[in-house]
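Each of the next two complexes has chain A plus one other chain: chain B in the first, chain C in the second.
Entry: the complex of A and B
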């Protein structure tokens, strides 16, 4: 069966990654111990931020940027939202979850509502103000988010997702308010702004791994172990490529990877 | 079942079709069809977003301190809808309305970035530690590399600035990009294996 050029190796790599996850899953279910996973300071800081908002009696704000449902970053942000919603419901802290994208809003609303209901805190969930669609378009959404943060005097800001030019505008407002800010994105152009304005930043793959880290479930953690194996293989391929390019001819490796 | 199993099956079937249509020429037309379905279903969600926005701001009408802002938003939101229905988005009044409000407002909002970047840079570049000091030195070289006066001050500045941008900066950015690509792949696989189900609305 013909296949588009450059897709075969990618597909095989994806299948190998999926098979590794399955194999680790079987190991985990048979009771074998998985490698220990290092905690990320940025994720522990989510509890710290919500705890501080609880002590101060001020809200926690969650935003997941301008990515749609077709963005892996948006999908990854939902796990963090679920964790934040459960923490806020548990401690009776006001949560404001804002969406810039109309198609993402109903999913966020369902996640937050379900989290509150499962903890028996349905009365604390405000169907109008807890999850809000603020605006589409980065300019309008940035100003709406700035206004919301200032008016509500938020004490904790969680910005997880696909952010663009608005990053500095919203994180600087959070810094100005003295809020604890935890951010995460895979948009490399925005990382410097997040790092400069936020207390903790989840960089690239750390952000994607957040859902699995936050889960107490071993089944989720096998994914992280498989991801580390994939990273190790990638590093080995890079080293081989660098050695070949320096001392010989790397074209065969390049052609193989583009097959 | 209706809330989790059926949406999960639909997402797996659509996701696999999308991946295969990107790899196999015979079914590459599926990709365009699925893109159209996505756009149509997204358009319906805009209505839900507008309802949410209206609920928040109609409630604000009862609060005197927010009355003026929420009234402005409601008039702008429904005024645009009515104008769009009467004239379509190509209409002269609709275009004037858009060009006289949204365009200058967005430009004004964008202009804030310069000030925010300055305050962010000031915070980062204070020499409080060895890392911050190294960052400050690197930033000075890169800033002078990007302006003509850099070479006039010292010929070595453009050389060092270019090296900083091309070698350490590119290496770090590529490492982050590769890690993010692997993370995105792992997220996709978690969705396909049913390990990641929060997008279905959360819950145990």
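Entry: the complex of A and C
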């Protein structure tokens, strides 16, 4: 069986993307400035939410949904968790980071613990209550998360990750408690519920941009810029394809992309 | 119809009402059922993992079929538990299975999802914008312009030239229309779940209404 059967264009596209990222990274490291990332209100609101929780003396809760370590959304959520942990450690605000997935839990714990230690707030990190594995399965975890939010009377909710049917169950509780809620997911079926019950929602790729936006890390920023180039090329391909389909035949272009 | 005499039905009805009581406010009965739910879910997860994955792999694949190569992922998986060790020379080993997990996940996304989720959607947008049927024509134009506008909304590092900056805004409206439709669709499907519970409470438990179950 040929290695690239039906995957050749996929491989070439990814190699071009990788080369673009590499070239941009080299330019960035040689001192050239990268383009500025546009303002994302949802991410700016994280500081507002944690600030409000600090003023009220109530906890901030962070959840990253049901995705495992093989989910891009879970990986993207780690940047937001690190940022939230650092902010909470800085202002001595209680952070409750909850996990539903056993494999994700140790990574979250390592991120939060490291963030506290780096800010010299190792004493504020509670190894039992800061990062919690609440339950497995979306039904039980939604129930446990609802209970935790109500009992701890959280003032800020950050829900970033792969959420499914539990979205409404948990965000409605947050809204009921009067907490500032910032949510982000790439699961389009859940976005309407986040938009209707949260104060700020990061839609799809805005959520993936969070890492670059919050961390100011050059590697992540370069990835985002390279993906913008990829999107610009996609726009051009779609325009060419639609024009070919309108005035001629787009089947050659379709076959080429599926080669 | 009459009220149920089954203990299981009474238990299920009681638990359903206890969970619904959380809608009013957090209370000890809700808390009790919440903890039972979490406990049962954890127990069920452990048992189903052992029965469906661990046992068949060890007894059938390894011992009966002699696929000894499966011992390698098992040994790598067991390294997860080294995180419980306080010895720093050992507990770093738990990062090896996690790195595998992330690596395999990324590889699957790159090789399998790219074509299915990206290229197929790009080619599906190659639609003729002139058609004899005006409805099909409008549909195709909305599709192509909608996709391009939504894509333009997700440019983060550069702004579109002045004349074109209407597209991201239009893309946002298109997304909101889509989300509205998805919201209505999901709310209706959730209603059927609620109806199922109400049928159980009013039919199977209290016997007020007829049920087919």
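FYI, the second predicted complex is superposed on the first by the 254 of 259 C-alpha atoms of A that agree within 3 Å, B and C clash if a C-alpha of one lies under 4 Å from a C-alpha of the other, contacts with A are read in each partner's own complex, and residues count from 1 in each chain.
Just so we're on the same page, contacts are C-beta pairs under 8 Å (C-beta built on N, C-alpha and C of every residue); 3 or more make two chains touch, one makes a residue touch a chain.
Keep in mind the model is a prediction, meaning the values are calculated, not measured.
A.B. asks: What is the contact status of A:9 with respect to chain B (first) and chain C (second): first, second, both, or neither?
C.D. replies: Second partner only.
A.B. asks: In the superposed arrangement, which partner chain does A:124 touch: chain B (first), chain C (second), both, or neither?
C.D. replies: So A:124 meets neither chain B nor chain C here.
A.B. asks: Have a look at where A:28 lands relative to chain B and chain C in the superposition and call it first, second, both or neither.
C.D. replies: neither
A.B. asks: What is the contact status of A:254 with respect to chain B (first) and chain C (second): first, second, both, or neither?
C.D. replies: A:254 contacts chain C only, not chain B.
A.B. asks: Looking at A:193 after the superposition, I want to know if it touches chain B, chain C, both of them or none. Which is it: first, second, both, neither?
C.D. replies: both
A.B. asks: Output check: A:79 vs chain B and chain C. Expected answer is one of first, second, both, neither. What do you get?
C.D. replies: first
A.B. asks: Touching A:134, do we find chain B (first), chain C (second), both, or neither?
C.D. replies: Both chain B and chain C are touched by A:134.
A.B. asks: Does any part of chain A touch chain B in one structure and chain C in the other, and if so which residues?
C.D. replies: 7, 14, 68-70, 72, 75, 103, 106-107, 134-137, 139-140, 143, 168, 188, 191, 193, 195-196, 203-206, 209, 212, 231, 234
A.B. asks: Can you tell me which positions in chain C touch chain A when the two form their complex?
C.D. replies: Those residues of chain C that touch chain A are 19, 22, 25-26, 30-31, 34, 37-38, 40-42, 44-45, 80, 83, 94, 98, 101-102, 104-106, 108-111, 114-115, 119, 122-123, 125-130, 144, 147-148, 151-152, 154-159, 175-176, 178-180, 182-183, 186, 190.
A.B. asks: Please give the residue numbers of chain B that touch chain A in the complex, ascending.
C.D. replies: 22-26, 28, 38, 41-42, 45-50, 52-53, 55-56, 59, 102, 105-106, 109-110, 112-113, 116-117, 119-121, 123-124, 173, 176-180, 182-193, 195-196, 198-199, 201-204
A.B. asks: Going by the contact rule set out above, which residues of chain A touch chain B in the complex?
C.D. replies: Those in contact with chain B are residues 1-4, 7-8, 11, 14, 17-18, 21-22, 68-70, 72-73, 75-76, 78-79, 81-82, 85, 99, 102-103, 105-107, 109-112, 114-115, 118, 128-129, 131-137, 139-140, 142-143, 165, 168-169, 171-172, 175, 186, 188, 191, 193, 195-197, 203-209, 211-212, 219-220, 223, 226-227, 230-231, 234.
A.B. asks: Can you name the residues of chain A that touch chain C in the complex?
C.D. replies: 6-7, 9-10, 13-14, 34-38, 40, 68-72, 75, 103, 106-107, 134-137, 139-141, 143-144, 146-147, 150-151, 168, 188-189, 191-193, 195-196, 203-206, 209, 212, 224-225, 228, 231-232, 234-235, 237-239, 241-242, 244-246, 250, 253-254, 257-258
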